[in-house]
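Alright, structures below, take your time with them.
Next come two complexes built around chain A: one with chain B, the other with chain C.
Moving on to the complex of A and B:
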């Protein structure tokens, strides 16, 4: 497996190469800044349940990682972010316009990669997912500082923001390997539940991890108006609700620190962990029908790792 | 031209239906569709041996990509712009890109997805070239602008093995862009290409240089353009005063 991940890494480096030196440089910087490559891993694992051929499957893995990279570049423009994983963002270094071109270039390179897969279903699944992800991002902006939103709204948002792309990573790996339809479905649901859990943990870590681990101050999501699961649970307590609903971009660091402590003390973190755990159990349940073997064990380990990750 | 105008109106309506999104509609500028670009695309598509119902499909797809790329052109580096507008402009462009992929995937046009994606990559390489390379000559800059404007239709023609007056059609796209920039510059003193041009030419000579280029390219197109279908387009680029 690690040999195949290395191949994907090399393929990514090859695909982002451009005759415009500065574009190659920017893309490589992003590539080498140490992403988790979780989507390619899920693609490869999904592929293990069919006729695994790395020369075919790598096209899906590369495409999904490039789509993820393109969205990161554009997200940094959206958030006006200056740093990503400890390095200056593309927009900070070369400007917003350059970042837009780079994101569009990476997305186009991703589509070229995935077109090496000739099964139309792969494209229909991916295209539908991309649209959903975009709608999710637009909704996230629409819902900022909307403290009246409910749990359902939050779950739909994280489904579109994170879970769908992980779900289709698993599913597309299986499609590219020609796995049976029911196997594709099981893998989709596994990825979906793992993705939901992954995002909930991410939202929890925003409160409990250190600034060093996060690469940004704790509570940043709430400060930006993103109402996440710990916030929704904390708002069940009237005093906390009152304070949370007053948060704006101008809220001071001291006020935020006090609020983060309040949320941590309220039991909201533990409640959010429980929801995440329930999704992980569902993920493990959905792969029960899959044939035994190394790949299934790996899917189990990944799900368990996600439940325990600290940053 | 009347027939083409009808086709343009129909495609335009279909395109607006595709990009319709209530939150985007309420918060960012309406999608701009260049009727002249659309007329060039429709004229070329009409000459291809493809079924009539596919003509709209390809025209909508091509223009969706153009709209996606043009939307991202609106994301500027200025920091005083409205934040919500900038955020949604980025996402709208991404959404329109997703839509074109979705339309082609639905029709199982996988090899066309590839051809057009190659075109988009090349367009963005050229955009970065003109945006960052301060050592370009004026002619190199002009050649990049021509490619940026005409690449998508070129890719579509290659995909369908359609042999056409490629050079003249590329020049029509170039003339359309330059003329728009020239008019905008005359009226407002600046334009979206003004920044790039000021790196290549003395600020006081920009308008003059642009005018000369338009004149030269227009004469070349008028001399070489054999196909009468394109004459009304040329006339639309340069409407009588």
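Moving on to the complex of A and C:
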């Protein structure tokens, strides 16, 4: 499948190219800053359960990666983030306004790519997803530094932020390949559970990975007021809760380091990891009804890889 | 047709409603701050040349108005605008980040609305248009305070900023109603020319209308560095050119008032108006091949109304 992944990589480069120099530059930087292209991989794997045709399915893969990229650019504006994967963000380099439009542009390119799929269901699923992702982003603004929020609130937010787009990657791959309805459903749920697990691991890594691995200082989520699963668990301890609820943008690096150590020592990381594991188990369970073969084995490996990744 | 317009109004209100209170509030304010709903009107008129079915066509009308609204919200961020139609803008009231997401949300709602149309051509046309509109917005950032730009540059920008969306409103109305291909084409060109004329008049009004009519101070475009048609014509006079090229965001209100008077006296307004008139003539010419009837008469009146509007 790596040949097809390369093809999507080239397609992405072609699509984001623009005569507008800064725009091309910004989009290409974003593209080259890596990312694991997990959405395209899931689209292709989903497609393997139907009539796999790379010329059709590449349009879905490209669209989903572009939507993901667009949401990253807009997220960085929201978070006032300076760095992404060790490089200055688009907003840091060219300003919020330009970042806003780069996001819009990538988003528009995504739409154009998906118009190559004729099945109206594909458009409906995508539009609904984008709407939910948007709602999630607005929730994320609303919930910042809200230390009264509960687990349900967090789970709903990461569903919209991450899990939905992965669920839909799997589903749309199957839709574009004309796979059966039950297969589409199973793949959706697989992607949903994998996505939940993926985001929880991401939120854990923000505490336990090194600055080098993250490309930005550890604990950045908490500093920005994003209340993630390890934070929710850590707050069950009164002393930690006290310190955490006092975090603002102004909290010093020293205070943050100390707090991060406290969170790591509290067992919150392990608890969060257990939740992630439970989602992975559900993901593996979801694909049981799918026909055996290479694609199913690959889905299983991907789920396991996500559970183990260290950065 | 006013019954159908009312219906679209209600549909718009329903669609922008969200459980997220601020979001609902912001979108409703935007909706209620008026606007002439010219895009929905053009969609409905376009639909009259085919199999007019309001239940189908309303989805196109709603989508186009929402895309227009979304682009206004993002434009206000770009322009750092404080007022729109006499009310504080979303960015002024709730900040740039929230405005960015309100735009994204409206945009997503637009996409969802259009998925109710099954014809793939509708999706292709819309995606292509959104892409062009985005490019136009990036050009608008790039071209700010660039007093070396020429007429072609201006015309390309207003095409992307305004004319395309109006052209596509007419065309998509016809597409959704299953009108003939030639009819779709004629309507597209009618909308394109009307849109060009409409934007030129808008750019003229920014100089000649009162602050009360505009809901913001006159000459605001120039102050923000938007080089419009009256400015381009005024710059043909050396003394005016000299003053205009010195405009920055810091230019005082007194200097601006003097400059606006100078531009008004130079004949630039009249020249710009003539260009608008020529576009209107082309619009009227474009609909000649269309079948006679109420809808055609309405298209003619709308074009004439646009040519005469005073604010």
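Throughout what follows, the second predicted complex is superposed on the first by the 311 of 311 C-alpha atoms of A that agree within 3 Å, B and C clash if a C-alpha of one lies under 4 Å from a C-alpha of the other, contacts with A are read in each partner's own complex, and residues count from 1 in each chain.
One rule holds in what follows: a residue touches a chain if its C-beta (ideal position, glycine included) is under 8 Å from a C-beta of that chain, and two chains touch if they have at least 3 such contacts.
Values in this document were obtained by computation on a predicted structure and should not be read as measured data.
Student: Sharing chain A, do chain B and chain C clash or fit in the superposition?
Tutor: They clash: once the shared chain is superposed, the two partners overlap in space.
Student: Give one of first, second, both or neither to describe whether A:297 is in contact with chain B, with chain C, with both, or with none.
Tutor: A:297: touches no partner chain.
Student: Output check: A:151 vs chain B and chain C. Expected answer is one of first, second, both, neither. What do you get?
Tutor: A:151: touches no partner chain.
Student: Is A:83 touching the first partner chain B, the second partner chain C, both, or neither of them?
Tutor: neither
Student: For chain A, which residues belong to both interfaces, chain B and chain C?
Tutor: In the superposed arrangement, which is not itself an observed complex, chain A uses residues 18, 20, 22-23, 74, 77-78, 96-98, 100-101, 104-105, 107-109, 111-112, 115, 118, 120, 123-124, 126-128, 130-131, 133-135, 137-139, 141-142 for both chain B and chain C.
Student: What residues on chain B touch chain A, complex-wise?
Tutor: Touching chain A: residues 21, 23-24, 68-69, 72-73, 75-77, 83-84, 86-88, 90-95, 97-99, 101-102, 104-106, 108, 110-111, 113-114, 117-118, 120-121, 124-125, 127-129, 131-132 of chain B.
Student: Please name which positions on chain A make contact with chain B in the complex.
Tutor: 18-20, 22-23, 71, 74, 77-78, 80, 94-98, 100-105, 107-109, 111-112, 115, 118, 120, 123-124, 126-128, 130-131, 133-135, 137-139, 141-142
Student: What residues on chain C touch chain A, complex-wise?
Tutor: For chain C paired with chain A, touching residues are 18, 20, 22-23, 74, 77-78, 96-98, 100-101, 104-105, 107-109, 111-112, 114-115, 118, 120, 123-124, 126-128, 130-131, 133-135, 137-139, 141-142.
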